[in-house]
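In the two complexes below, chain A is the common chain; its partner is chain B in one and chain C in the other.
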Partner chain A sequence: MKNKGNVFSLIPYYAWIILFVIAPIILVGYYSLLDLDGHFTLMNYKQFFTSVYLQMTLSSFWYAFLITFFTLLISYPTAYLITKLKHKQLWLILIIIPSWINLLLKTYAFIGIFGNKGPINSFFNWIGLGDQQILFTSFSFVFVSVYIFIPFMILPIYNSLDKLNPALMDAAKDLGASRLTTFRRVIIPLTADGIKAGIQAVFIPALSLFMITRLIAGNKVITLGTAIEQQFLVTQNWGMGSTIAVFLIIVMFIIMFLTGSKEKGEARNGKTK
Partner chain B sequence: MEKLSKTSKLYLTFVMVVLYAPIFFLIFYSFNSGGSMTNFKSFTLTHYKAIFEDDRLMVILINTIIVALLSALLSTVIGTLGAIGIKSIRNRKFRNTILSMNNVLIVSPDVIIGASFLILFTMVGIKLGFLSVLLAHIAFSIPIVVIMVLPKLNEMSNSLIDAAKDLGASKRDILTRVILPYIKPGIFAGFFMALTYSLDDFAVTFFVTGNGFSTLSVEIYSMARAGVSLTINALSGLVFFVTIILVLGYHFLTLRKTKGVRN
Partner chain C sequence: MKSMVRITIGILAVCGILFYIAHALNQSSGASGKKILTVYNWGEYIDPSLLKKFEKETGIHVIYETFDSNEAMMTKIEQGGTNYDIAIPSEYTIEQMKEKDLLLPIDHNKIMNLQNIDEDFLDLPFDKKNKYSIPYFWGTVGIVYNPKLLGKGYDFDNWNDLWDPSLKGKVVLVDSAREVMGVGLNSMGKSLNSTDSKELSAATDKLIKMAPNVKAIIGDEVTQLMINEDAAVALTWSGQAADMMFENEDLTYAVPSAGSNLWFDNMVIPRTSKNLDGAHKFINFMLNPENAAQNADYVGYSTPNKAAMKLLDPEVISDERYYPSKETRKNLHVYKNLGLEKIGEYNEYFLKFKMAIR
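Then we have the complex of A and B:
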């Protein structure tokens, strides 16, 4: 009928979906059921639920949680203050520019900054604390990750704050709400979507980044991503790597599902109230 | 509008300083004639010269640019056609399914994309190297292009197409003379995003690149793992410079475009 031409335009796109979206997921699932010799087995899953892997998973979640928490803590006020500025577009670009610099270069910078003779240690020496080992600790891992994720958190929060109708704030003030109450009961709920988008943009990568752990944390921190990279490229145990990947995919879907359904629920609440 | 308090200003300044300090730290030491990032001896450009004299590094740089341009171009074509196709799907449920499929690669962690593509390429028998990296980059750029183009398509009123049809335009005319010019800003943005995603990617490339082929990110990673080298600093100086030009260029181009539409 009307859009016959468009059917053809979809052929390469559908091919892409089948080859690069569906097939890879199926293949990962398939490989997770194979042992090192290519025989079917459930050993990988059995191994995944032993204490070694569960502990690693838990600690990976804990780090991801810490990273997300601190990123949010720093980003929300920043985004809020930027919306109040005169040249907010310019400021936003200034925030975005660092996120365009290659991730590895930013990570590499911290090898110098946190190094034994780096500026931070010189500062510690100057105030009389003496040399501290900062590099290759879990602190440096969290710090560098937070540093890298800040722009990605600021952006969605800024967008939702910028859409906020200032009249609502005035109304809250007129009705006698204190600044804190206005913030807690008006601003935060209305920017929940931005916060959720930011959390999504930070939490999942925080579970899976492996270059930061390798370069900054030495082998102190092992995330799910590090474990997958290890299994695939070092140990060459694709079966076990795929099993962890399957787990990470499931977690990803759960997080997406949670944030998605909550959004709808809150919108409904908002309307009925 | 209320004025910002002193603490607020201080806080913003602090965040800005923290965001930029590591980058300027890197660039500052790229001019250091000493061999490390600790004490600045004297100003030199040798590290920059070293990049351009290093044939291997130059080949990697050219590879990176070729992969970025090719993958951005191809993914823009496939993604734009895909977006136009998605728009024309009548069945709402099916369209939503396709849209969520589209987003899978955007939200997937890089490690998963890299690992699963590695399995895919090995199964199909594609040799790891230029081709596998290019295919992977096209694959993860397509959904981004679709996301950038779709809003423009949704914005376009159907009456434009109806009018063109009434005036006797063929399907081809409608596509090339009505739809494409209208969604041009979206296509442009999609191409640009695909370009930067490709230039920036490390994890996926790291998985699907063989021994013989390398991109800048992968090279930086192996150099950084080997320890501090001021060549990396000089590279960051160049990357920062190019990034600023790209961001400003993109900003002004889109600014001019939106103004052009208004006029």
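Then we have the complex of A and C:
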């Protein structure tokens, strides 16, 4: 009887997963096989592999890579420093709070900051550099994206660093490892799961960023997300939009697979709670 | 187990209540009858006091709702469940709506004021003999620029001026495939309704040469950029240009004489209408010279109503920027509905152009 009750209580979850996870993926796959008149076709896929879309996909990947790389570069030391601070939780919250503010609001704020009359250009003028074009460049796009994603990278890394047993570092030191070696051979491998989780949380959303490409990069950067939006809203070609989405889903699975943490790794971690 | 059942019943009850509320809301939004008229229009696109005046004159209560894109408007009407009596789409959408059989024919005998409309704006290709639509406002696509930031010597009478090397990193384009491709096509003396892939490809190649000049390709944000003098040159619609010029007096607007786009927003009666008589009364009311003039004055776009033009400020009417001469208008062309496949092609070429600007 107890077992039966368990099955029943699982029904809402299964229903949820089927309705909101599996069904949409199947629908996206189904639509990707339809042409404008609703006939079955593989044309969308053929078209996707033409130069324009392929070029766009590659540049989208390149920018997602850059964003993830710089986010990691900034987040790892930050997370490490926070674990060494006295009021860890307070600092962590200070870093997380900006992510509560609406994305669009933050983006619009950057339009003002980077604008010709914004504070940065005023500063440039003051030191005699003259007006620089900052808004609508790929630099500003990467900068704003990195800013937005930092909290999502810091959290998982912080968690894994915080769980690190300090005794292991002392042991490394006692056994004659230099600080660099300790970092490279002990700390990084033990926090790999946090890094992987952070990459997952940044890379995929970075591929499908879309409002920022227009507002900050002035469409000088085009991501897969922008292309999907255009196909659905402007061209009204749901088939092609879905094809790009299918591609995004496949990439997502590949990334999850590559960065997935294995159960075995858990035991080797030497975590103490 | 018991609590599971209770929760399930609870959820079902809440769902039922929500469905009922949604149903009730649907009924009230766009509810129509003999005494109610539902108008579906773009935002900020009518003088609200005219709606009051109409209510007073006819005793018909007006429910006013707004949309922000032709596509959204059409989808809502297509789905049904609404009772819109009047909608105001752009010309290419009217073609699509006609194809999808979403419009009711307009009885010209009930629209006495139709004679006030300039003949140039009647009987156009998108709706022959105005069977389904009556012109509301019209405008152009052109270039708004700031002579203060550019120095003298620019008048943008020619699209090719946008390729001038002195404009490096100064031109803002609108994020819309047909407008930008139209610039490429028009600059080569080709039609902006071209369906010839070779011409489209050539236009894209030409646009790509403009890439160093392009500062950004954005949407409505351009208004703020131009007003704040963050940008010097922008491709935009005449109405949006009017908004910018109202805020920043240094700005001016030009439509290159070689040709550009001419657009219309028109009043139509969707198939969902429940108050045909009221809808006709409304159209007739809006065509009344006094009302049309008041509306044009408030909204700031160009009116197709020649009787109303006599009532407007002569300075506005003689302003070539808003009311281009017949000579210029000959070179202005209305977008044709090219079909989804061609629109897809336009967008692909546009994407290629976007990929070329860095």
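The working rule: the second predicted complex is superposed on the first by the 249 of 273 C-alpha atoms of A that agree within 3 Å, B and C clash if a C-alpha of one lies under 4 Å from a C-alpha of the other, contacts with A are read in each partner's own complex, and residues count from 1 in each chain.
Methods note: contacts are C-beta pairs under 8 Å (C-beta built on N, C-alpha and C of every residue); 3 or more make two chains touch, one makes a residue touch a chain.
All values derive from a computational prediction rather than experimental measurement.
J.: In the superposed arrangement, does A:R214 touch chain B (first), chain C (second), both or neither?
T.: Both chain B and chain C are touched by A:R214.
J.: Which partner, chain B or chain C, touches the larger number of chain A residues?
T.: B
J.: Applying the document's definition of touch, where does A:I249 land relative to chain B and chain C: first, second, both, or neither?
T.: first
J.: State whether A:S59 touches chain B only (first), chain C only (second), both chains, or neither.
T.: Second partner only, chain C.
J.: Which partner does A:N237 reach: the first (chain B), the second (chain C), both, or neither?
T.: The second partner, chain C, only.
J.: Contact-wise, after the overlay, does A:V28 reach chain B, chain C, both or neither (first, second, both, neither)?
T.: A:V28 sits against chain B, while chain C stays out of touch.
J.: So in the superposed three-chain picture, is A:T181 touching just chain B, just chain C, both, or none of them (first/second/both/neither)?
T.: neither
J.: Looking at the overlay, does A:G115 come into contact with chain B only (first), chain C only (second), both, or neither?
T.: both
J.: State whether A:S9 touches chain B only (first), chain C only (second), both chains, or neither.
T.: Both partners.
J.: Going by the contact rule set out at the top, does A:W100 touch chain B (first), chain C (second), both, or neither?
T.: First partner only.
J.: Show which residues of chain A both chain B and chain C reach, each in its own complex.
T.: Dual-contact residues (chain A): 5, 9, 111, 115, 117, 214-215, 233.
J.: Along chain C, where are the residues that touch chain A in the complex?
T.: 1, 4, 71, 169, 172, 175-177, 215-219, 221, 228-230, 340-341, 343-344, 347-348, 351-352, 354-355, 357-358
J.: Applying the document's contact rule, which stretches of chain A touch chain C when the two form their complex?
T.: 5, 8-9, 36, 52, 55-56, 59, 111, 115-117, 133, 135-136, 138, 214-215, 217-220, 222, 227, 230, 233-237, 240
J.: In the complex of these two chains, what residues of chain A are touching chain B?
T.: Those residues of chain A that touch chain B are 2-7, 9-10, 12-13, 16-17, 19-25, 27-28, 31, 74, 77-78, 81-82, 84-85, 91, 93-98, 100-113, 115, 117-119, 147, 150-151, 200, 204-205, 207-211, 214-215, 224-225, 228-229, 232-233, 238, 241-242, 245, 248-249, 252, 256.
J.: Where on chain B is chain A touching in the complex?
T.: Residues in contact with chain A: 1-2, 4, 8, 11-12, 15-16, 18-23, 25-26, 29, 36-39, 78-79, 81-82, 84-88, 98, 101-102, 104-105, 107-113, 115-120, 123, 139, 142, 146, 171-172, 175, 196, 199-200, 202-203, 206-207, 216-217, 220-221, 224-225, 228, 232, 235-236, 239-240, 243-244, 246-247, 251.
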